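A, B, C, D and E label the chains in the order they appear, each numbered from 1.
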Amino acid sequence: MGFWGVEVKPEKPHPYHSDNVEGKLHVTQATLGLGSSTEKSILQCSIGDRNPIFLCSLLPNKNESCSLNLEFDEDDLVAFSVIGPRSIHLSGYFEADGGGHLR
Amino acid sequence: MGFWGVEVKPEKPHPYHSDNVEGKLHVTQATLGLGSSTEKSILQCSIGDRNPIFLCSLLPNKNESCSLNLEFDEDDLVAFSVIGPRSIHLSGYFEADGGGHLR
Amino acid sequence: MGFWGVEVKPEKPHPYHSDNVEGKLHVTQATLGLGSSTEKSILQCSIGDRNPIFLCSLLPNKNESCSLNLEFDEDDLVAFSVIGPRSIHLSGYFEADGGGHLR
Amino acid sequence: MGFWGVEVKPEKPHPYHSDNVEGKLHVTQATLGLGSSTEKSILQCSIGDRNPIFLCSLLPNKNESCSLNLEFDEDDLVAFSVIGPRSIHLSGYFEADGGGHLR
Amino acid sequence: MGFWGVEVKPEKPHPYHSDNVEGKLHVTQATLGLGSSTEKSILQCSIGDRNPIFLCSLLPNKNESCSLNLEFDEDDLVAFSVIGPRSIHLSGYFEADGGGHLR
């Protein structure tokens, strides 16, 4: 359990269900990756064939980090992707199933 | 359960009770949608006929994302709406009723 | 239960204990109200005759929203007030007494 | 229980253990106090004779508020202090000992 | 238990497992250290030989503090490090193992 992190690169959607871990994922932080472009990069989340939802918008040299508070279950079929020129690093942590928070 | 997201468009209030899901909704993030206007967009929440309450104010090219921490019950009759030119994406997650957090 | 919100107007302190609701109040967000003044507005909280404590400082066109994480009990005798020209919208949610979080 | 707040003034460290309250303290918000200086003010926390740790850095007219999420136990011997010209207001809440969160 | 803090210095990775404490660590805040450089400093977290993940990016005189919400278990073999010229202060708190949150 414990720490979780991925780098989501432009034009490379990152499907969550490929992680093969048990338990609930808490995604709590997004940070802009390296690069020289000053265009903003937007993190979005897609579920099946529904329209993607924007999760945050990171502005180089202004706001390069953003707190999130999202929970994903093992069977959520979602994918993270980036609109914009720079990658976005996501971090968070796993919580065990079945009352792991309590015993 | 798991991830929840909607795009609230200007002049199109989004009633929460139309989602037909069971359990408690946590709304945790608001992000400005695409567009070229540099005017700010404000997210507000209305309950019945009371005055709407502003939940956040998003400023293009300055602060385009905002963390929230709001809980809505199944029987809350609220509606989200936007004052301003651009849509606002809301995201969060559902938590099961009846101790789902504990077992 | 569920959503809670008030608009605190300049020179009109809002006593919390007048709300007549049962349970614990979580105040989680403050957002600047409408207006043309570019002076900052500060939200403060007073308890009895002690000096008020500033909870956040909102800057027009720079930072118009602020996440909070405050809990108030039914018998807390506090009042919210604003220093500055524009009102501040507060939002949050109620949590039931007696283990409502757990059953 | 409920709301907690102090104003930490420059050159006047505020020892936490002087508060004489029972239970766990959650410090959740820091806000810059009044003043005309535009120099930044940094909040720091000292434990015994270890080097102080910076908790946040507040910038006048840019970022005057900061969310925190810190917990202190009754027997933590810490002191808050400010580096810079203006005071910093801290706020948060107390949580009862012994499962107060659960019963 | 209670408060935790470290200063992570440039070119001096800080391994978490050297802390020799029991229980879960919550890292909740990052703040830029002193210095005159106006270059940004990025906090990253490494696990084993995987690519490091950026946790936040701090910009002098713009955004010098950042809220985090990360959990680390006793057996997480991670290291924090800084890319950039200035140190980053991390703070948070420990939570006891085995239901310490509940009894």
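FYI, a residue touches a chain if its C-beta (ideal position, glycine included) is under 8 Å from a C-beta of that chain, and two chains touch if they have at least 3 such contacts.
Keep in mind it's a predicted model, so treat the numbers as computed, not measured.
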| item | value |
| --- | --- |
| Length of the shortest touching-chain route, chain A through to chain E | 1 |
| Mean-CA-position distance for chain C and chain B (Å) | 19 |
| Centre distance in Å when chain C and chain E are each reduced to the mean of their C-alpha atoms | 31 |
| Contacts with 2+ other chains: residues of chain B | 62-63, 67, 69, 101-102 |
| Going round from chain A, first to chain E: chain order | A, E, D, C, B |
| For the chain C and chain D complex, residues of the former touching the latter | 40, 42, 45, 47, 51, 53-59, 62-63, 66-73, 75-76, 78, 98-99, 101-102 |
| In the complex with chain A, residue positions of chain B that touch it | 1-3, 5-7, 26, 28-29, 31-33, 61-65, 67, 69, 89-93, 101-103 |
